[in-house]
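One chain, chain A, links the two complexes that follow: it is found with chain B in the first and with chain C in the second.
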Partner chain A sequence: MMTALTKEWLEQRRTHRLLIVCLILLLFGLLSPLLAKFTPEIIKMVPGGEQISQVIPPPTIADAVVQYLKNLTQFGLLLAVLMGMGMVSQEKDKGTAAMMLAKPLGRTAFILAKAAAMGASFLIGTALAAAAGYYYTLLLFEALPAGGWLALNGLLLIYFSVYAALTLLASTLNRSVLGSGVTAVGFVILLALIEMIPAAGKLLTGGLLGWAGNLALGSAEAPAWGALWVCLGLIAAALTASVLVFRRQEI
Partner chain B sequence: MEALKPYIPYLIPVIFIQLGLMVFALVDLVRRERTKGPKWMWAIIIVAVNIIGPVVYLLAGKDES
Partner chain C sequence: MSAIRIEALTKSFGKFRALDGLSLTVEGGAVFGFLGPNGAGKTTTLRILTGLAHADSGGAWVEGLEVGKSAEISSRIGYLPEEPAFYPWMTGIETLDTMGQVHRIEKAERRRRVDEMLEMAGLTEAGKRRVGGYSRGMRQRLGLAQALIHRPQVLLLDEPASALDPAGRKDVLGMIEGLRGQCTVFMSTHILADVERICDTVAIIDRGKLVANARRADLIARYAIPMLALEADDVDRLNKLATEVSQMGWAHAVAIEGRRLTVTVKDLAAAQRELLAQAVAAGLVVTHYEQVKPSLEDVFLRIVENGKESRQL
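Showing the complex of A and B:
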């Protein structure tokens, strides 16, 4: 397992996946409080925006948190799909998976090492975004409750992991990168459609993000433990399915 | 515009990351022998599509076979 992990971690660095996830999440960690602060001023500069800006209340710390959640979820999802879609399918296509499995390396370890390496990249990226977001929010607005901010970022990491695990499954199911990408986007759309059902939405990533926002702002809204468990279950189910499918596949 | 002036220094790291990512992707594109699709297309994507362009090239445009 350690050999597979070392290889995958090296791969994350060599293919610039680690660098990209760190830079993009850091960028939006910095940019989100700035956007929250700038938006009313930007609207003022648009022709006819003077009147609209009078109706918009002055930006608050809540706007900074909303921007942070909105930007990081959008770009984190995109990164999870782009990073994960070639992880297994490309190795099957190029024949490197067969070479790796010829060595004493189990198929379960092969998949789990990929998931762990991607998770580690997102962990570092989220930590950078959290530090940057916290610092800029402090400079532009006020200090966020540190515990709540940490919890928000922990839940955000689980959100990224849901889509990373689903993309890994898509990559295991397909032999081409394009096919994996299409399947992964299909999973994303399917999840978004399920989330449109109000009762189901509360138990999926939407519920998780709502809770994350409340935690960061110190709101006393009810915690969404159900959403947390369903998301963790989704990650476990996607990884288990990937392992089971990969064990039966002809490489 | 005047109201935004005091916040311009906060944008420096943001611009630095954006430009750095674009330059990094362009240098990789120039040095790379083969890409998935024509190089000129990737050059346009990297320069014209802000943030996403360099990311898509670095994650999906390189031909490493």
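Showing the complex of A and C:
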């Protein structure tokens, strides 16, 4: 397992996956409070925007948190799919998986090392985004409650992990990178459709993000323990399914 | 105990039977040529032996361990796929070191072996460079190095030299020949010359079935059709002789190529007695006469291209 992990982590670094995840999450971490602050000003500059900007209430720290959540979830999801879709399928397609797995390297270790390496990249990326977001919110608005902010980012990381794990499953099910991408997008759409059912939405990522937003602002409203457990369960289920499928597969 | 034993292996892809009851034994220490035309099922067999693919029925044993039942096999074998693939972002040294780690070779020993393998593969210089920039021949040699890093008992090679140019081919075949006595080599190929060059035992597979399995020399002695050839300058008389010979009971087929007449024969002793005498009687001045040494190619073509005849073998 250690060997597989070492290899995967080196791959995250050498193929610039780590760099890309960190840069993009960091960028939106610091951009979000800026956007929240200056959106009214930007609208003012557009011809005819004067009137509209008067109707818009002055930006608050809550807007900063909303922007942060909105931008990071969108780009984090995109990153999870783009970074994860080739992880297994490409190795099968190129033949590197056959090379490794004809050796005493377990198939379970092969999959779990990939999950762990991708998780580590997102952990670092989210930490950078959190630090940048905290600092710029402090500069432009006021200090966020540190504990709440930490909790938001923890939940955000779980949100990323849900999609990373589903993408890994998609990558295990396919032999081509393109097929994996299509399957992963299918999973994303399926999840989004289920979220539209109000009762189910509360128990999925929607509930998780709502709770995260409240926590960041120091409010204890609408805790979504149910959603947290469902998301963790989804991650575990996707990883288990990947392992079980992969163990039977012809490589 | 045999190094490899395959029994009644079958494998289908949809309706297509890639392996159709293949049985085969490879003795320890052999350099074994697994010969067959493209699509015969060689790669499929090797992939089953490594555990990467699963057979529909039948069984296989490596060093007495059953494939699919014993995880220990992966430590005993070294495998070079038909198209070896590496992580392009690793250097040659890192590649071999990672493979050594997978085999749980400890660090100091691993370093020694990585150097040793690079040297053997002629990659000492290139070892520090990323594998992404290696040529086909370099990748093949690195592939052989990674298959040998843990000193396996059985080496499985899938067309190790087929995709290389003559120089690269010579290098790789030389490396394989150097392993004689160190481990059992099971090498698939569709190229006869490669088998003739280094293998001591040969199996021929066609359409998923074994059609011949013997020591190379025995195979040639048993299945090659004996052939006599003579050369003479008088082409008209040579043609006349050809017609005469073709009616003889001992002759199988007669061919003329320029000034050379070749006769494949059914009864070698009778042919040796009579052919030359007939040539002299026909007034020919024979400039050259020989019994042509059959090659593995003759055997192979005869067996594979004449599927019906080979069933009983």
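Brief remarks follow.
Going forward, the second predicted complex is superposed on the first by the 251 of 251 C-alpha atoms of A that agree within 3 Å, B and C clash if a C-alpha of one lies under 4 Å from a C-alpha of the other, contacts with A are read in each partner's own complex, and residues count from 1 in each chain.
Assume contacts are C-beta pairs under 8 Å (C-beta built on N, C-alpha and C of every residue); 3 or more make two chains touch, one makes a residue touch a chain.
Just so it is clear, the structure is predicted and the values come from calculations on it, not from any experiment.
When both complexes are overlaid on chain A, the residue A:L105 reaches chain C alone and has no touch with chain B.
By the document's definition of touching, both partners, chain B and chain C, reach A:K94.
In the superposed model, A:V245 makes contact with neither chain B nor chain C. Within the superposed three-chain arrangement, the count of touched residues of chain A is higher for B, of the candidates chain B and chain C. In the overlay built on the shared chain, the residue A:K37 is in contact with chain B alone; chain C does not reach it. Legend: residue contacts after superposition of the two complexes on their common chain; A:A120 is shown touching neither chain B nor chain C. In the superposition on chain A, A:E11 contacts chain C only, with no contact to chain B.
Common to the chain B and chain C contact sets on chain A are residues 15, 94.
For chain A in complex with chain B, the touching residues are 15-17, 20, 23-24, 26-27, 30-31, 34, 37-38, 41, 45, 75, 78-79, 82-83, 85-86, 94, 136, 139-140, 177. Note for the complex: chain A touches chain C at residues 3, 6-7, 10-11, 14-15, 94-96, 98-105, 250-251. Within the complex formed with chain A, the residues of chain B that make contact are 1, 3-4, 7, 10-11, 13-14, 17-18, 20-21, 51-52, 55-56, 58-60, 64-65. By the touch criterion stated above, chain C contacts chain A in their complex at residues 47, 50-54, 71, 74-75, 77, 79, 81, 83-87, 89-90, 94, 98-99, 101-104, 146.
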